[in-house]
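If you scroll down you'll find the structure; I have some questions about it.
Chain naming follows the written order as A, B and C, and within any one chain the residues start at number 1.
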Amino acid sequence: MELLLQQILSGLATGTIYACMALAVVMIYQAIGHLNFAQGEMATFSTFVAWQLLAWGVPYWAAFVLTIALSFVAGVLIERVVFRPLHGAPALSHIVVFIALLAIFNNGAGFIWDFTIKSFPSPFGQTTMFGSMLNAHQAGMIVCTLVMLVLLYLFFSRTRLGLAMRAAAANPESARLVGIRVGWMIALGWGLASAIGAVAGMLIAPIIFLEPNMMLGVLLYGFAGAVLGGLTSPVGAVVGGLVVGVVENLAGTYVPVVGSELKLTIALSLIILVLIFKPSGLFGRAVAKRV
Amino acid sequence: MQKLHGSTLRLAAAVTLAAAAMSASAAFAEGKYDVGASDTEIKMGHFNPYSGPVSAWGTVGKLQSAFWKKINEEGGINGRKINFISYDDAYSPPKAVEQSRRLVESDQVLGLFNPMGTASNLAIQKYMNGMKVPQIFVSSGAIAFGNPSVYPWTMGWLNYASEGRVYARYLLEQKPDAKVALFYQNDDFGKGFVNGFREALGDKAKTMIVGEASYEISEPTIDSQIVTLKATGADVLFNMSSPKFAAQAIRKLADLNWKPMHFLTSSSAQIGSTLGPAGLENSVGIISTNYYKDSTDPRWKDDPAMQNWNAFMDKYYPEGDKTDTTNVYAYLVSETIAQVLKQAGDDLTRENVMRQAANLQQFSTPLLLPGVTISTSATDYFPIEQLQLIQFNGHTWDFIGGVIDGSAE
Amino acid sequence: MTIERTTALVFLICALAVPAMISGFVTFQLTMLLIYAIAIMGLNLLTGFNGQFSLGHSAFYAIGAYTAAILMDQFGIGYIWTLPAAGLVCFAVGFLFGFPALRLEGTYLALATFGLAVATPQILKLTPLEHWTGGVQGVFVMKPNAPFGLPLTSDQWLYYLTLAAFVLLYVLAKNLVTSRTGRALLAIRENPIAAQSMGINVSLYKTLTFGVSAAYTGIAGALGAIVIQFVAPDSFGFMLSVTFLVGVVVGGIAWLPGAIIGAAFILFVPNFAEDISKGLSGAVYGIIMILLIYVMPSGAGGIVSSALRVLRSR
């Protein structure tokens, strides 16, 4: 019983990591209607920038804010410089560019900052709590994720800009007709996704250590969480991330013989099963198809 | 006693060296060569992942390039310059086959020296032996690379199994009633250790091992596995993980306030790159083994060999990471390769290179831990089998006992 | 049409003549090129022609490779017979996987296939299956020699065998996509609902395409196992799927001959990038990919079709 409780708690803590990244995935999906494979590497790169700023003696919160700002600008620039010229290219070509960006950021981070793992400071400290099942950073991270979730929710449902972005993604033609600058909305989406990724990276790094491949695994789980939640819903992304974390831990612990070797496989199969019955995810909106 | 023993060995090595040098100068008039060697040049082949998810290992190739540059500036080996050709296999066996064939058939190297990766080397083993081209000091810990009766042209470097045996023997001696939990990476690296460990525990393995958990390198965290292992009630943890996961495990143990007797594989037992990030205070008491000096251990700060290495890094490989002990390993392997080529003298046939690789007699270099030497023979294809048990005291590694031989009984 | 026929004929003559002029190593490289081309062709049938996105083709490649390796290693079956066997096994797996895939679209299908790609190496490593798969150590395969006393080296024989497989599979694919079935596939890609209302059995075509596509990639995997003489679980990770996808896009979506160009790209460009810089080879490869997409946003196929259009309009 105690083991069950511990596994659930540890699953929630790990799930928060996935949820964080899943939020960034939802953000970019809202803007461009794809998954961005380079998102994890971009977040890692941002985290390295933060690490470098800290190493130069910049105070934590200053580095935190500066990194978010830089990442936002970088995200917008990538859209403007790399993707704008490819406006008319097929979707699959965009995917190849994502893969190219992945290679560039991953290789660049390794080249500049080397491959040995680096510890990244936590603003919340590492003291343990709840009978040593969580540490302060994990608790702080859960709070941060919820704050990000609320902010995103408010942004998309209460601000003109957020509504404009959604309109631009859902129906570019009509959005243009009502005076929304669709191109800039997409760039803004890139900037925000990249900024959220930076936050996720800085929150995750104290737990799993900073190194160039830090996000490789996390992004996969983030995708899984976001898809399970429904890709269009920030709430769904967080719930999806948490569910993936818990299900994976329980599969690893309680499925006999193959559980620990196949825990990701079991979690993914369950997700696929859910999707078969609910093809647009737990919280996603079903889109009416036109002929 | 320990010290005396060490210096005797070094003397023996010096004598061997001198003898080799003499026989070399005697034969100078008639150099014997295979493809890849001449009066002026030795062509060496190498591959490791420069790209892809394990590109961290690419530093081995970069360091070796720098090492051979230094050797060439100092006049080469027996007057011959080293032409070191290294390719990227991205840790993929099909790519490794392609690159090896390019090296052997198109670049026409004398042999492959220190190619990296278990799967990549398994994939080329038959080819190399079919072509009768040396595949020397394979950078892997699989026992498959020390099987001279079947694969005489393939020689390993160390094997995980012998390290596993060292821990098992120590455990049987110190804590025969231990309840052991195994935590390992689900690949040949982790499984190699598990097998060596189980084998050395023998019949007691069934009763002593109370829990096992593995992870894939794509997993972000391993908290769940550690929680499960703690719940088994084990009082010994055998931790066979790569640095990132080792550091996570050390910290999770501290978070859970679980304090088992903790064995950590040598490949992750570096102060700078594993214990430091995990927290030195959390790492106190960890037991491991090593055979070379940890560049991040303050114990060796004023050690001449380490200072030498530092000077080399500054001059020839300034972009290299000095806190990454992989760079010490790569240097050490290069020195051993240089020794093999020196011993081969002017008979630079593939057969003689292989014979000399299998004829290292207590070769010693200052980067090895005191008392550790490198030996091979026609039936022993693992140069590194001597290990030193070490324990972390919160600041540096303490030695436990003397150097141990980890070979099978 | 004549331009295509002539090109195909010239290609075939060159492909037949070339081993006599090149070294064993280059022959081996060309064999790998043809193997990747078969896999890319398989993925193109699914993604390019039928519009179903897959990140899971590394799994089919792996299943094909392991089918061949296990049949040879455990049952002593001749390597030739492992090719159709691998094709059949992968067809079955792909067909079955096509059913859940029916319910999923775009990104969701990407995740499902991605799950397949992630799961396959883990299943191959599974302890209870170690007797068959060799676990983390993989399986060795004997390299075949040329049969009937043909005066060919083993490399040359495998090259011709792969070439034969490629030509056969290419002709089959060509016939498939130009037939009624092929038009049905394209109709489904463009608009599944409209296709359905025109009386096309969308479910059947989609699952069958999944099966055929998997079979192609599986045969490529089996050939790969025979040529490399070794299979190991970690050779078949998710990145292999991504590589195939890059091959499809570079070659040209829904353009079959592009498979050769795509395969050449994924085989040779990483080597080229490495020559430029060891430390930054990944970044160089990435930059080359981006530049290529700038120059030809629809891959080589896009360039060729617009060139043909210009020629014909004259």
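Basically, a contact is a pair of C-beta atoms (placed from the backbone, for glycine too) under 8 Å apart; a residue touches a chain by one contact, two chains touch by 3 or more.
All figures in this text were calculated on a predicted structure; none of them were measured in a lab.
Any chain bridging subunit A and subunit C, meaning touching each of them, is among B; the list is complete. Ranked by distance of CA centroids from subunit C, the top chain is B.
Rounded to a whole number, the gap between the C-alpha centres of subunit A and subunit C is 31 angstrom.
One simple way to say how far apart two chains are is to compare their mean CA positions; for subunit B and subunit C this gives 37 Å.
Annotation for subunit A: residues 103, 107, 220, 261, 264 touch two or more other chains. With touch defined as above, residues shared between interfaces to two or more other chains in subunit C number as follows: 118, 122, 125, 279, 281-282, 285.
Shown for subunit B are the residues that touch two or more other chains, namely 51, 53, 55, 186, 216, 218. Those residues of subunit B that touch subunit C in the complex are listed here as 50-53, 55, 58, 61-62, 86-88, 90-94, 97-98, 101-102, 105-106, 118-119, 122-123, 126-127, 142, 144, 186-188, 191, 216, 218, 319. Partner subunit C is touched in their complex by these residues of subunit A: 29, 34-35, 37, 82, 85-86, 88-90, 92-93, 95-97, 99-104, 106-108, 111, 220, 223-224, 227, 231, 257-258, 261-262, 264-265, 268-269, 271-272, 275-276, 279-281, 289, 291. Against subunit B, in their complex, subunit A makes its touches with residues 2-3, 6-7, 10-11, 13-14, 17-18, 103, 107, 110, 114-119, 126, 128, 132, 135, 204, 207-209, 211-213, 216-218, 220-221, 248-249, 252-253, 260-261, 263-264.
Touching subunit A in their complex are the following residues of subunit C: 47, 100, 103-105, 107-108, 110-112, 114-115, 118-119, 122-123, 125-128, 191, 193-194, 197, 242, 245-246, 248-250, 253, 279-283, 285-287, 289-290, 293-294, 297-299. Listing the residues of subunit B that touch subunit A in their complex gives 51, 53, 55-56, 59, 186, 212-214, 216-221, 223-225, 227-228, 231, 243-244, 247-248, 251, 255-257, 272-274, 276-278, 321, 323-324.
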